[in-house]
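Written below as C-alpha cells is the structure these notes are about.
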Amino acid sequence: MKKLINSPDSVIADALRGMAAAHPSLAVDLENRVVSRAGGATQGKVGLVSGGGSGHEPLHGGYVGYGMLDAAAPGEVYTSPVPDQILAATKAADGGAGVLHIVKNYTGDVLNFRMAAELADDDDIRVVSVVTNDDAAVEDSTYTAGRRGVGGTVFVEKIAGAAAEEGADLDTVAGIATHVNEVTRSFAIALHAGTVPAAGKPGFDLADDEVELGVGIHGEPGRERGSMAPVHDLVGYSLDVIHADRPLSGDLLVMLNGQGGTPLIELYGAFAEAAAWIEGHGARVARSLVGNYITSLDQQGFSISVLALDDDLLRLWDAPVATPALRWGR
Amino acid sequence: MAFDTATATAWITAAEAAVKADEARLTGLDAAIGDGDHGANMARGLSAALTNIAEKAPTTPGDVLVSAGRGIVAKTGGASGPLYGSAFRRAGKALGDAASVEAPELGAALEAALTAIKELGGANEGDKTMIDALAPAVAAFQAIAADGGPIAMAAAAAADAAEQGLAATIPLQARKGRASYLGPRSVGHEDPGAASTTLILRALAEVTA
Amino acid sequence: MKKLINSPDSVIADALRGMAAAHPSLAVDLENRVVSRAGGATQGKVGLVSGGGSGHEPLHGGYVGYGMLDAAAPGEVYTSPVPDQILAATKAADGGAGVLHIVKNYTGDVLNFRMAAELADDDDIRVVSVVTNDDAAVEDSTYTAGRRGVGGTVFVEKIAGAAAEEGADLDTVAGIATHVNEVTRSFAIALHAGTVPAAGKPGFDLADDEVELGVGIHGEPGRERGSMAPVHDLVGYSLDVIHADRPLSGDLLVMLNGQGGTPLIELYGAFAEAAAWIEGHGARVARSLVGNYITSLDQQGFSISVLALDDDLLRLWDAPVATPALRWGR
Amino acid sequence: MAFDTATATAWITAAEAAVKADEARLTGLDAAIGDGDHGANMARGLSAALTNIAEKAPTTPGDVLVSAGRGIVAKTGGASGPLYGSAFRRAGKALGDAASVEAPELGAALEAALTAIKELGGANEGDKTMIDALAPAVAAFQAIAADGGPIAMAAAAAADAAEQGLAATIPLQARKGRASYLGPRSVGHEDPGAASTTLILRALAEVTA
C-alpha cells in the first residue's frame, strides 16, 4: 500500500487541518472533529447535521455551507462518529429552530446518532432524524438491518438544505428529506476495491474479468460477483435493478458518481450510457451530476442514483448552494 | 475468588490486551463480511475504557464497568461502540455499589449486558451477531452460578460456550449489521463481533481463574 | 486492466456524448470533437481556446463556460488534437475580437496549434498563442523542448477568461495569460502510474517503497525516482523545488491537485502540509483549490501549483465563473 | 525501377502494414521515455494516409505523397502528426508533377522531408529524434544516387543507415520532444520516432527492391 498520508492514525486529523486551511467558509473544530459553517448557526433556521465514517469525501464535510449542511461529524475511516461528536455538531448547527440529523442506514450510524439525539434532548435541542436507505442492491425487510443509505444522501442533503434555507420548519424539512429518500434509488458496481489506510490492502480481490455488483460505500463486497463487461452493459444492469425496484419515468435527477479511483473521462462515458438508457425508456434526464460525490477512498467503480423530480424538488435542487463540493447560484 | 474492583479492572485490562493481540484477525473477519474495521474499533474502544477507568479511579466493580462502558461509547463509533458500551454500562449498573460480588450477581450483570445489546440493536439469537456468542455464554455462566459454582468455573464455561456460539455463526446468514447487506454471501464466515465477545469472556475466565 | 469503457477506441467519443448529456450549458460537436459554450461565441469578446490530449479531465472541456474558455479541442488520450479540430474550436470561439490559444508546452500541442493558427489566419481570424510551461521539475533551456505546461494552465484559463469576460482586448488578454504563466510554478509526484486504455497497463512500475519525483501529466516517468515517504516530506520536497526556482512570498494561489486516482481525503491531508510549509516560510495561502483539476487518468499522486497573486490577479481569480468543473459567483 | 504512382502508393501501403505489425513495439519504446502513444499515433496516421490516397486517387507519385501527408496531419495529432505529415507533403511537392522519377529526384524529395522536419520541430542531429534516423538515411540515399545507383540500391542503403542511426540514439540524451523532460533518464533507450522512420524507410526499400 502506498498512500499520501503521514500515518494511518493521522489521516482524519490531517484532512481536517487541510479542510480548515482550504476553506475559509468553514469552521473546523479539530478537537471535536466537527466541520461547520464559519459564520456559526443561522438563527431561526433549521440546522442540518450529517456525518458518518470518513473515506467518502467530499461527503459530508464538503457539503457544509449555504443551502446544504450546517455541520458534519466525520468518524474514523468507514466508522461512524461517536455520540459526543455528533452532539457537538448538533450544537454548532442549532439556530433555535431544531436540528435535522441526516443518517445513512448503518447500525453504527443509527445507534450513535440516536445516542447523540438523546444527549441533545438533555440540552433542549429538538432533533428529528431521517435515515436514508436508497440502495436498491440490498433486499429490504423488517427482519434485517434493511437497505443502506448511499448516493441518495447527497440529494437529501441538498434538497432538505434548500428547504431549510427557505425557512421551512423542522417537521417540514424532515418531511422533504424523507420524501427525497423515498423517491431515490441507487446501485453501484466496483471494478477494484479501495484500500483502508489502517488495513493496508484492498478490501477484496477481483480478477481482471470480475466485478462486484451491488456494492455499498465501505469497500465491502457486493450482493454478487459478476463478469467484467463493457460500460454499456454495466450501466444497463444497474439501471435495470433500479427500474425493477422503482420504475423510472418523467423528469429525473441523475448522479453518475465515481468511487474515488475512476477517472472522470470514464464517468462521462458511463453517463452517456445512462442517459441513453433513460431516454430509451421514455424518461428524461432533467438534472445531473457527474463526478466524485460520495466515494470509497480510491475504489474503482461507479454508482448511479436516480431521483424522480417534481416541481418542488426541482426548485429546491436548483436553489443556490455554496459548499466546497457543490456550488451554484452564488 | 470474588469479583471486586481489582478483578473488574484486571478483566478490562486483559480484554484490551487480548483484542490488541488479535486485532488483525478481528479486522480480517470484518473485511470478509463487513468493512474491515472491527479490530481497530475494539482496540480503540477498550483503550478508551482503560483510560477512563484510570481517570475515574472507580472504587467498586460496578463503577469499573460503567467507566469502561462510557469510555467505549465515547471513543469507538461504529456498531460495536454503542453496543459494547451500553453492555458494560448496564452490567456495571446491575452490580450496584457492592464492593465485591459473587457468581450469581455477576451472572445477572452479564444478563443485563445481553439485554442492553438486544434492546439497542434489535437483534436476536441466530442473526449472526455478538449475541450468538454472548447469549449461550450468559446461560452457561448462570447455570453454574445457580448450582453454587464459583466465578472461575462459571466464567470458564461461559468462554467455552461463547466459543461454540462463535463457531455456530459460520453457517448463519446475517440479518443485522453490515454483514446483512451481503445476503447469502455472509454465510461461511465467523461473525467478527461474536469473535470479540469470545475474547472478552475468555479474558474474564483468565483473570478469575 | 479493467476500465469503465466500451472499447479503447471509443473512450473519447463516449465521454463527449456524456458531456453533452450532462451539461446543457455546453455545445458538443461530436463530429469535430469540439466542446464550446451552448450559446455560441460572445460577440465582441476575445475567444479563449485550449486543448490537448484527453485523460486530464476536467481539463479542458470542463473549463468551458462563462468566465473561462469558449471552446476546447480534446485529442486522443495523451495525444494533442489535430489542426482541423483546433480550427473548428477556434471558429466556435470567435466573436470577432480575435482568439487566444492556450497551449501547453509539448511539441505535439505546439505544432498542431501552430498549424491551426495558420489555417485560422487563412479564415481571417486573428489568433495569438500563449504557451504554458510552469513545470519546475524540468530544467529550462533554449536547447531543449523546455518546460512542460501543467497545472498552471488551469490558472491561465481562469484568469485570462475573466479578463476576456471583462472586455479586455486580445493583446491584453494574451499579456495577462503570459504573466500568469510566468508567476506560476508546479511540481508533481506520482505513487502509482495511470493506465492508458489503449496500452492496457500502467505507464511505469513502482515498488511499494518508490515514487516518481517530478512527473508530468502524461503518465511518463519523472526526473528521478525517489523513496516513498510521509506526505509531509513529499509535499515539502515539492515546495522546496518550486521555492528554489521562484521564491515564494506574499499572497499565493495554491492548487493541490490530484492525478485522478488519489482520494480526496488524502489530497486534503497533503494540502494541510502545503499550507503549513507556506506559512512556515512567511508566505500566505490567499486562495486555494483542492481536488482533481488536471489529471492523468487514474494515476495516484498529486501536483502542487503556486501562483504569486497581486491585486489584479486576485480580482480576476475571484470574478464569477460558471463551468462544469469550476464555478462560483453565479 | 522508377518511382511512379503505383510505387509511391505501394510504399505508403507497406509502411502502414509495417507500423501496424510493430505497433506494440513502437508504443513500448514511447512508454519508456515518452507517453506511450507512438504506435497508436503512427497506425492512425498511416491509415489516414491510405484513406486519403484512396479518396483523392492521385495520379502522380508527388500527389500520392502530398495526399499521404495531408491525411497524416489531419488525423494523427501529437508531435509525429505534424512532423511526418509535413515531411510527406514537402517530399511530394519536391517531386512536382512528374509521372515517374529516378533516384536523384527521390533523394531530393527525401531531403526536402528532412528539411521540413528540422524547420518545424527545430531539432537537429543528436537531439534523439526521428532526425537521427532520417538524416543518415538521406545522406546514404543521395550518395548512391549521385553515383548513378538505382533506387533499389539507394533505398536499401538508406534503410540500413536509418537502422544504424536508430541504434545510435540509444546512448543519446533527448533534447527535443517529450523524452527531453526525462533529462539523463532518457539515455539507454531507442527513440520511438527514429524507430518508425526506420520502418518507413525499410518499407521503401522493400517496395522498390
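The letters A, B, C and D name the chains in turn, as written, and every chain counts its residues from 1.
In this section, a contact is a pair of C-beta atoms (placed from the backbone, for glycine too) under 8 Å apart; a residue touches a chain by one contact, two chains touch by 3 or more.
Quick caveat: nothing in here was measured; it's all calculated off a predicted structure.
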Intersection of the contact lists for subunit A and subunit C: none
Need the CA-centroid distance for the pair subunit B / subunit D, whole Å please. 75
Chain centre separation in whole Å, for subunit B relative to subunit A (CA means): 32
Averaged over CA atoms, how far is the centre of subunit B from the centre of subunit C? Could you give it in whole Å? 54
Where in subunit A do residues touch at least two different other chains? 77
Does the chain-touch network form a line, ring, star, complete graph or other? line
Touching pairs of chains in this structure are A-B, A-C, C-D
Within the complex, which stretch of subunit A touches subunit B? 53, 75-84, 106-108, 111-112, 114-115, 135, 137-139, 143-145, 148, 196, 198-199, 203-204, 216, 218-221, 223-224
Would you pull the subunit A residues touching subunit C in the complex into a rising list? 1-7, 10-12, 14-22, 54-55, 57-58, 62, 77, 191-192, 194, 206, 208, 211, 228, 230-232, 234, 256, 260-273, 275-276, 285, 288, 290, 292, 295, 297-298, 300-302, 322, 327-330
In the complex formed with subunit A, which residues of subunit B make contact? 27, 31, 33-37, 40-41, 44, 73-83, 120-121, 175-178, 180-183, 185
